[in-house]
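Alright, structures below, take your time with them.
The two complexes that follow have chain A in common; it is paired with chain B in the first and with chain C in the second.
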Partner chain A sequence: MTTTAHDTPRQTPPAGHATPGAQSFPLKKVLLWVAIIAVVLFSLGPVLWQWLTSIKTNDAITELPVVYFPAPNQYTLQHYIELFTRERFGAYIFNSAFVAITSTLLCLAIGSPAAYALARLRLPGEQFILAAVLIVTLFPYILLFLGLLEIVRVTGLANNYLALIIPYTAINLPLTILVMRSFFQQLPRDLEDSAKVDGYNTVQMLTQIVLPMTLPALVTTGILAFIFAWNEYIFALTFMTRENLKTIPVAAAQLGGTTLFDVPFGPLAAATIVGTLPLILLVLFFQRKIVQGLTSGAVKG
Partner chain B sequence: MAKLELRHLNKTYSPKIVPVKDLSLAVEDGEFLTFVGPSGCGKSTTLRMIAGLEQPTKGEVRIGDRNVNAKAPGDRNIAMVFQSYALYPHMTVHDNIASGLKLQKVPSNEIRHRVAETGHILGLEELMDRKPAKLSGGQRQRVALARALVRRPDVFLLDEPLSNLDALLREQVRAELKQIFDAQSTPVVYVTHDQTEAMTLSTKVAVLNNGYLQQLDAPHEIYNKPANQFVAGFIGSPQMNLLTLKCQSNNAILGDYRIPIPGGFAPPPEIVLGIRPEHVRLARPDERQTIQGQVFLVENLGMSYLLSVRVKGAENVTVRALLSADQRWNNEDLTLALPLESIHWFNAQNGDRLPTTHEEARLDQGIPVKR
Partner chain C sequence: MTTTTDPIRAREQRTGWLLLAPAALILLAIYAYPIGRAFVLSFFTENLGTGLEPVFSGVDNYVRMALDGRFWLSIWNSTIFTVVSLILELILGMAFALILDQAFRGRGIVRTIAILPWALPTAIIALAWRWIFNDQYGVWNDMLVNWFHILENPVNWLGNPTWAMICVIAADVWKTTSFVSILLLAGLQSISQDLYEAHSIDGATPWQSFRQITLPLLMPQILIASLFRFAQAFGIFDLPQVMTGGGPGGATEMVSLYIYATVMNYLDFGYGAALVVITFLVLVAVVALSTFFLSKVRNATGVQ
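This part shows the complex of A and B:
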């Protein structure tokens, strides 16, 4: 590299002797990171604590002073093993998953066509229908519960997966309809016109053109519906009394110690982790699948 | 390939919103009909009614001598190109082009053959496996065209297909369009607000305004013999000079000057004189039918200058003249000739064209008509 007389004055000064102001202490950056770490600790702290508890031996859990990070000899998988041997957590996971997946799929299958109709057809009383859908979301959940309990009793649906699948689907439908409708409205109309001219009928158009383009919306609403169904407690507690039909939240809450005064911190923590893990995996998996801007390129963008 | 016919088409959304009032016309095989008009004139609505995306309130759409009002768009065997291209974003170029054929249950061998053939015509071979998001505007445009061509429909419908392209590309694609559709003998209906596209592409132009057909004619007829004041003002750029003038006996009064009204009709008290800026020229010394005025605005259009002239004796009247760049003139005191044979006369009340006696003569001189 040749150095001319012009270059010399512009040579970078050694670190630490920066011109005042220009390269001073990066206060903003530090503050940003402090804030980020604070927020992360605040939200993930409890989860981290749960996780640490779930892999500590019982002695380490109860030891004083508190053992934050267990020593190498204090690790154990005993709590997890107990969940699947002494308790029947395999069955509970299956119950939860079956109920949540079925109600989510039902919700999308019923909600999307409804949303599409509300978005595209000029229905008489469309505003009224929308208002009604919105009002349903405003019902206090606990009041619905009493009525549902009566219905479940009369129809004899107790201890049947349907007793959970139907209410979960119904409760999630308004949200699905409203979210999907707004997505459908954003879709360029020309695309559907073009599909009509190409000869797609309404059902083909929905399944082959419109839904593939609303995949991100489907996944988003699907995840919301799934999380609700997975976490729901009161319905699951009341409608499912038979041991082998319990869902994870109920089972976790009913974990008992050997005596009345023994709180099984370890298994509880492990159950929490087992119950949370599928949700985390689901979101992580679909986060990569949610391809943003899938519709870009359809019309001039 | 089939004749397309519209009979007394009307679309009424509400008593106040009637985009198409009463439209009747026919497009034969091999004809390229362009709907042109200002925004809101009903041209797109008409096209959508032909496609079946809108139902006419009254009247009939007939394709191949059959009323297709009750048929769904997919059953009309039409192909449409949209302004926004409307490519399916989740399908590759190949699947986009093939989608219509697949729905028609065309055997897959033939689909492959036809898609390849169309792709070849439009130069899309390299792009077949791409998704629309990875294409440029011009390429998307060509895919949209290919999707229409591959169908071999009875009628092509194009809704402002060039308006999303930049000016340079638009000219290039316009020329390509002309070649492609010249090679087809299928009726084409094209909607645009761009009169250059209307003039260059079509064999027939339908000028629409206010939901009514103003004129349906070959492009040169529209240009040379506008049926009314609206068509005269709408077609041609720069816009035709349209001057509302008082009449005295057989003369129209333009400031200090008199312009003789040719025979053929009784002179009304007021008349509209129309002359295109490109027909106004600098007067030669021996010419008598001239007007004088002062130039107050000169616009350089590159190959010519557009002059706005205030006519002597009529301070509120502006005449615009298009002069080629090599001419010299005096800005203060300009003498212009208004050749009588280039003047159009319109009824001041209803805007209709007034037929003049020299009209026949001018047509006989003959502008070559190529169909």
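This part shows the complex of A and C:
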């Protein structure tokens, strides 16, 4: 039942699982390190390659055989400069950040009370609601886009931030509800009972006593919601057609040259780095929280 | 247990419904309405031929779908993509989880690196893989030709129907193996070491321990990971859209790309709705089947 057991040091024998003799020890260790390096190369390779491409001059990019590590005179920041001068990546970053942050906050504000109600308030039909929430997390967005397109058209929300903020809030709600609910269930019940004895009503107790304690869980959930919102593609592609309102994934995917034969490899690579950098930083700083949120969201439900 | 005549209990419930209402409303608007609307619209013809006005046409859309070779090809493509990538992700994800579960120096940073691919935007990652598989300057060709001497000449990977599918699968495996390994790692950590020790005292080899302890106890996590991955893979849109655009010649056109093209390019809303309905039903059927198995496995292993 403990979801917070990750990364707590466990009692493992120093050489991994049950190594009988000392002779097999070095071979095992070598194999383990080969495997670890393979995992690292596999996970970092494509991103590193984009980064190396993004800082190479155009000549170095199209040189054959492929230049892996550019010579000193083959470095350039030109591709990045181009993104912010010729293209409007400043605006795209703002759009992505604004939509992702707003929808994340909205999602937490709406999802946590719902999670609390499902964790504590013994509503009739609770199991049914939970099952529905769980199933909804499995829906790919392509199933929703046709109906949402109609709503966006009728309400005239096309090319309005709300056309992304509202769906992003919705797609993150199931995860928020599941993670926050499992968190609320772990809170000691006595705390709320004594608050009730002291005369707090449910809403007062939530805002003044429970909320401050839930901050870590809110951060966990918020990070996941931000990642999903930042990465979303199909709604952003469909509902935001005006150039200055595009989000980073869409703008990057649509980067093109003036002709079919003039593919801007350098700027494309630079756009990859610009679009992924915020997420790389998030993962670096919050790895544990991300893992915790994902496992409690998926496994506990 | 408690009767609703109890006034405190009744107030508590009222508060509960109020707390739940905003979330429920948004979920209904963004999930339930579009799906329900697709069911209704699938019985209408609404395209350029009808001046974009819905005209009731019964099951015409479904009859058309049964005879639509492009639809069947897209379902086939989605199925191949889903099954192959799911199997590879489970095998590789299990391997990663087992490695990351070992005790070694720097484990924290390796775990961080290993979850990185999952967190990155798929559409942007598709660009990275398109560049890796580039026919002229791609690093994949260069490695095969100049490092390993497997190829004489560079191959146009994304221009060949079979290779294009394999490349899209490879990109997806790269992107989502980390998700599977996160879930499996959490499962591994909850298995007691005592089990392994007792088993090895009984003379079991590591492979036997894996087969007889790890796999059965991990089954719930494996099934949950499969369920999530199945649903996401069957509806995948951004990866093939950016990487190949469904090409060459429809070889990587997944059902989601066909739905998108039907609606956005051909403005055929009725038929698009029918495609949405069928995709939805396939998903629901598979999810229902696997939750059935999940509950059986959970009962069998006693893991909640």
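The rule is short, and it goes like this: the second predicted complex is superposed on the first by the 240 of 301 C-alpha atoms of A that agree within 3 Å, B and C clash if a C-alpha of one lies under 4 Å from a C-alpha of the other, contacts with A are read in each partner's own complex, and residues count from 1 in each chain.
The working rule: a contact is a pair of C-beta atoms (placed from the backbone, for glycine too) under 8 Å apart; a residue touches a chain by one contact, two chains touch by 3 or more.
This is a predicted model, so every value here is computed, not measured.
Once the two complexes are laid over each other on the shared chain, residue contacts for A:Val283 go to chain C alone; chain B is not touched. Once chain A of one complex is fitted onto chain A of the other, the partner contacts of A:Pro65 are limited to chain C, with no touch recorded for chain B. With both structures placed on the common chain, the touch criterion links A:Thr53 to chain C but leaves chain B unconnected.
By the document's definition of touching, neither partner reaches A:Arg242: not chain B, not chain C. A count of residues in chain A touched by chain B and by chain C gives the higher number to C. Of the two partner chains, chain B is the only one that A:Asp190 touches; chain C does not reach it.
After overlaying the two complexes on the shared chain, residue contacts for A:Ala269 are found with chain C alone; chain B is out of touch. Of the two partner chains placed around the shared chain by superposition, chain C is the only one that A:Ile166 touches, whereas chain B remains out of contact. Counting contacts as defined above, chain A residues 201, 294-295, 298-299 meet chain B in one complex and chain C in the other.
On the chain C side of its complex with chain A, the touching residues are 2, 12-13, 15-17, 19-20, 22-24, 26-27, 29-31, 33-38, 41, 95-96, 99-100, 102-104, 108, 110-117, 119-129, 131-132, 134, 136-137, 139, 142, 145-146, 174, 178-179, 182-183, 185-187, 189-190, 193, 196-197, 200, 206, 209, 220-221, 224-225, 227-228, 231-232, 234-238, 241-242, 256, 259-260, 263-264, 269, 272-273, 276, 279-280, 283, 287, 304. Interface residues of chain A, counted against chain B in their complex, comprise 188, 190-191, 193-201, 204, 209, 212-213, 293-301. Those residues of chain A that touch chain C in the complex are listed here as 1, 5-7, 10-12, 14, 16-18, 32-33, 35-36, 39-40, 42-44, 46-47, 49-50, 53, 61-62, 64-66, 110-111, 113-114, 116-118, 121-124, 129, 133, 135-151, 166-167, 169-171, 173-174, 177, 201-203, 227, 230-231, 233-234, 238, 248-250, 252-253, 265, 268-269, 271-272, 275-276, 279-280, 282-284, 287, 290-291, 294-295, 298-299. Taken in their complex, chain B has these residues touching chain A: 48, 51-53, 72-75, 78-80, 82-90, 99-100, 103-104, 131-135, 137, 140, 147, 151, 157, 164.
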